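Here come two complexes built around subunit A, the first alongside subunit B, the second alongside subunit C.
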Partner chain A sequence: MNRYDLIIVGAGPSGLSAAIEAAKRGMKVVVFDENEKPGGQLFKQIHKFFGSKEHRAKVRGFVIGQQLLDEADEVGVEVVLNATVIGLYQDKEVVVKIGDEVIHYKGDSIIIATGAAENMVTFPGWTLPGVIGAGAAQTMMNLHGVKPGQRVLMLGSGNVGLVVSFQLMQCGCEVVALVDAAPRVGGYGVHAAKVARTGVPFYLSHTIVKAEGDNKVTGVTIAQVDSSFKFIPGTEKHFEVDTICLAVGLSPMSQLLKMAGCEMEDNPKRGGQVPICDEYGRTSIAGIFVAGDVSGIEEASSAMIEGRMAGVVAAEYLGYVRAEEMEAELSVLDNALDGLRQGMFAPKNRGKEIAKTEEGIDISKNLLLHGFVGDDEIERFPGVTHKVGVHPVMECTQNIPCNPCQDACKKGCISIGANITSLPIVVDNSQCINCGMCVASCSGQAIFLVDEDCGDGTATVTLPYEFLPLPEVGAKGKGLGRNGQIVCDAQVVSVKSAKAFDKTNLLTIRVPKEYAMKARFFKAV
Partner chain B sequence: MPVTRIKEHPILGVQEKGNRIRFTFDGKEVEGYEGEPIAAALKAAGLMVHRYTKKEHKPRGIFCAIGRCTDCVMVVDGIPNVRTCITPLKSGMDVRTQYGVSDKPFDKQ
Partner chain C sequence: MNSINDRSRDIGEFKSMPDDDMLICRCEEITKGEIRKAVHDGMWTLTEIRRYLRTGMGLCQGQTCSKLVKGIVARELGISPAELEPATSRVPMRPIEMKVFANEAEKLKEAN
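Showing the complex of A and B:
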């Protein structure tokens, strides 16, 4: 039987991160993954990540995936693909199906990093071809270059539903509605706002009554639900769609741990059946560790840190690193993870309704109900100020762990401060030079450069634009408000695409000056 | 038929594909790219129904696209229950709608 110091199951963000830390310390490591390619779901993530520099903020997910693979390669991690781990038995015996063969391995330590699987909801017609998971949509469009459909209805307003809706539009699909049975948008407000401003209507407190079609989806009916999630008669709405996309949460894939005899618990805060483990992933069985979504649903950035923690802890378990060195390493990783677990969306706040920001400002009600901040609400946030000349307007209204904007501005116009979740503020007496770096670096696409009065009755608004075709200078169209409705005429006066912007184009539109603080998207006509 | 292949993506650019090849779906010739999942090639050709269930004869197509749910299984080169979303396409493949676990429609079984 082949023996390894460490066997890792799952070559996603946490598994690869664990492998890197262990291999760096001299361990003989193998990673098994059932997929054809490594990286887990990272290669389907085409948006810029949140966090700070140490979390690789503003880098797109698939780029982070490639960086991880390169790093794993450098330190000699062995990754075996198309290898499904089908059993985890006593004394850390791992049984792997590779092709038609079943092979037994022995690990002196094990890290389970199997991630999570999508949840589903059922409704009449849910098995029809055309009803797909949000992950399936990402796989088809971002890995295989095939559109999941033409007209899509998204169910789920968590970050997955919001991000995937945006991605569907980026690949040329039309998203006809974003629907959630919950009374409030579940994901980041900035993700919701960038979808809403393109004109996608949000239906909160609504869910699917039925999918229609004989051999494939041809339509869908939704209806409003009351506080006990019962349909309210007479509130039905119908949409012609060919695709219904489900983004209704994730559940840990923890079966191997249960099989191995680890103590488990049902913990809704962590997403379902999870192993009982300490903060560094030590399960109830000595030498078996966990990292990433399998021990509690979060996201890729924290999974990578948890992976590094598990890798270091496994190294110490087998004596490849001294306890003091491990402690020092863990305290650095603790800080990094702690930074990500702050703010309104932190795991500790899951399910809580938060009415005010850390600064004591009322949260936008429109944002939670309709996906956009109302024109009458936006002025109360500290990133939104008025000045003569071009200046940044930061429509960042919730405390989330993210700060690339303050590093992006070389002129010091933007400050978040030491607390990573603080809302950005415009620094007094700073001079914006209209470079656009803040607009391109905001992972939430929430920063605009506005010249409120050009002196001729017009204003200019520079906005982030990640769609094709890219409008040309001179193109005439309409300015859309935060709610996605047409508010005014608009003409493109500048289009900037620079390597430093990393595929986020900067579109500057000229609008009547009374719409300077209202127009936030451009639609060619 | 609507265009389902993404020609150019604003973030990913023009995605590299393998050779353009031919295979058959229920005996009819279809084009796809070598190495992409069979399901992707079918989807791009607008073919959505992969199989009909054994008991109730209900249609099924792509659902999870990562080899987990088994909704997309078909009869490929004579072998039933092939997960088309994770099986790479090869030139000349014989891909058939699966009825229950057979490639014969129910009235001929």
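Showing the complex of A and C:
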């Protein structure tokens, strides 16, 4: 029997974070993962993360994955890939299939960080090839370099649905519609807005009637639903697509814990069957801990903190740290986690309809119903101001825990303040030097640099651009509004791609000056 | 007594529905109608449904259909899905070829 101080199942954000904390304190740690690559979902996340510096905000997910792997390596964590844990017994015996062998391990402590699996919904034709999970689409695109299809309909407007829709477009697919049975967009408004402004229509209170096709998906019909989710006859809409992507939530993969004999509960707020555990991941069995989505669906940034907590708690359990030291460490991590669990999308606000921001401003109705802030709504937000010359316009309209923009501006033009969920404001009498760092640093791609009047009847708008091919200077096209509709002619006057922008290109377009506050995307024609 | 286990409770007659032929467990090719019928045949727990129909016992080990089956059974019984205990979790958690287990026996034999 192979013995370890700590056996971790799952090399995703929480498992690796736990491993690092435990190994740093002298524990002999092994992490098993059934996939051929470590990192869990992190290596599929090509967008910049939200949060603050301590949460690795504005760093892209796959980079965070690599950072974690490097750290794990430095502190001597053993990561075993293609290693499927097939059983966990109450006396902490872990049975792992590696290659053609079943190998038995014994851990003095165990952390289960197996994450979650995608939910499915059924409709006629849901088993046709071409109906895939959003996670599958991400795996195909971002791990294997395979384009999932040409024309895609996305079901689900949570952050997964929104982020994957954007990635599908980056990969060259056409997203024909974003559909959700819920009456409001579920994910971050900024994620929705960056999809909507490219021209993707949102259909809220709609769901799939059927997928069409004999051997594969050739089309899809959606229809509006009433408040009890029944189809409203006569509201059907048809799209020709070859791919239907489902982003309808996640369920914790907690079977190993149930098998080990941990007390479980069915908790819809946490996404399904979860172990009963305390805030640091201690289950009902001493020495078995949990971290990340397996104990309740959240996201990668909080999973990393939960992982660190579980790692510290496991170290204390085996006497590698003293209780006082653990308490001190946990209180720091508590604060970090608390920082992430703030704002409109905090777990405590799940399912609540929030009408006003913390500042008392009415939330944009269009954003919740159609995915973009209306031209008549945008002016009421504090990041949107008017000035002579180039200045930042921050279309950040919901309270989310994120603040890289205020550090990005070296001239101090942008302030969020001590409360990380506050909407950014433009600092009075500050001087924008048009460096573009704020545009590139905004994980929500919600900051624009606008010169509302260049003196010749035109205005310039600098926008974040993460698509290929990159338009060339001089290219003529159309300016699209926040709703993705063509509003005016536009010409590219500058394309900047600096290392400091981390692959967010800055596209500056010239538009007639009356469209300075309307044009938010460029489409070459 | 827990209402789920009160087998004398009347859940009404099985009535066929237009979507009864929809596949729910893809691996074992089991339809919504078969699952609903099984409830009326007396299978009131997920473990019973699994033994009766083999839902969730195929290649994906219920990763896709567990939640769907749970929803269908709960609706048929007129209870919340949260009241239904999930089917037993047991080794192996993932499908595994018998030869892999056999390899272990071979190794033990060699070691002895």
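The criterion applied here is as follows: the second predicted complex is superposed on the first by the 525 of 525 C-alpha atoms of A that agree within 3 Å, B and C clash if a C-alpha of one lies under 4 Å from a C-alpha of the other, contacts with A are read in each partner's own complex, and residues count from 1 in each chain.
Keep this in mind: a contact is a pair of C-beta atoms (placed from the backbone, for glycine too) under 8 Å apart; a residue touches a chain by one contact, two chains touch by 3 or more.
Since we're looking at a predicted model, the values are computed, not measured.
Visitor: Quick one: classify A:131 as touching subunit B (first), subunit C (second), both or neither.
Guide: first
Visitor: Quick check on the superposed pair: does A:117 touch subunit B, subunit C, both, or neither? Answer first, second, both or neither.
Guide: Touch status of A:117: both partners.
Visitor: Regarding the shared-chain residue A:251, is it in contact with subunit B (first), subunit C (second), both, or neither?
Guide: A:251: touches subunit C, not subunit B.
Visitor: Return first, second, both or neither, reflecting whether A:102 touches subunit B, subunit C, both chains, or no partner chain.
Guide: Second partner only.
Visitor: So, does A:495 touch the first partner subunit B, the second partner subunit C, both, or neither?
Guide: It touches nothing on subunit B or subunit C.
Visitor: Going by the contact rule set out at the top, does A:427 touch subunit B (first), subunit C (second), both, or neither?
Guide: neither
Visitor: Comparing subunit B against subunit C, which has contacts with more of the residues in subunit A?
Guide: In the superposed model, B touches more residues of subunit A.
Visitor: Quick one: classify A:35 as touching subunit B (first), subunit C (second), both or neither.
Guide: So A:35 only meets subunit B here.
Visitor: Kindly classify A:454 by the partners it touches after superposition: subunit B alone (first), subunit C alone (second), both, or neither?
Guide: Neither subunit B nor subunit C is touched by A:454.
Visitor: Now for A:176: first (subunit B), second (subunit C), both, or neither, which partner does it touch?
Guide: So A:176 meets neither subunit B nor subunit C here.
Visitor: If you lay the two complexes on top of each other, which residues of subunit A touch subunit B in one and subunit C in the other?
Guide: 34, 117, 127
Visitor: In the complex, go through subunit C and note every residue touching subunit A.
Guide: Those in contact with subunit A are residues 19, 22-24, 26, 32, 63-68, 81-84, 86, 88-94, 96, 99-101, 103-104, 107.
Visitor: Quick one: in the complex, what on subunit A touches subunit B?
Guide: Checking each residue of subunit A against subunit B gives 34-36, 46, 60, 62, 117-118, 127-133, 135-136, 139-142, 144-148, 150, 170-172, 214-216, 466-468, 470, 503.
Visitor: Which of the residues in subunit A end up touching subunit C in this complex?
Guide: Its residues touching subunit C are 34, 84-87, 95, 97, 100-102, 117, 119-120, 122, 124, 126-127, 251, 253, 255-256, 258-259, 264, 266-268, 272-273.
Visitor: For subunit B, which residues count as touching subunit A in their complex?
Guide: 2-6, 8-12, 15, 17, 36-37, 40, 43-44, 48-50, 58-68, 71, 85-86, 88
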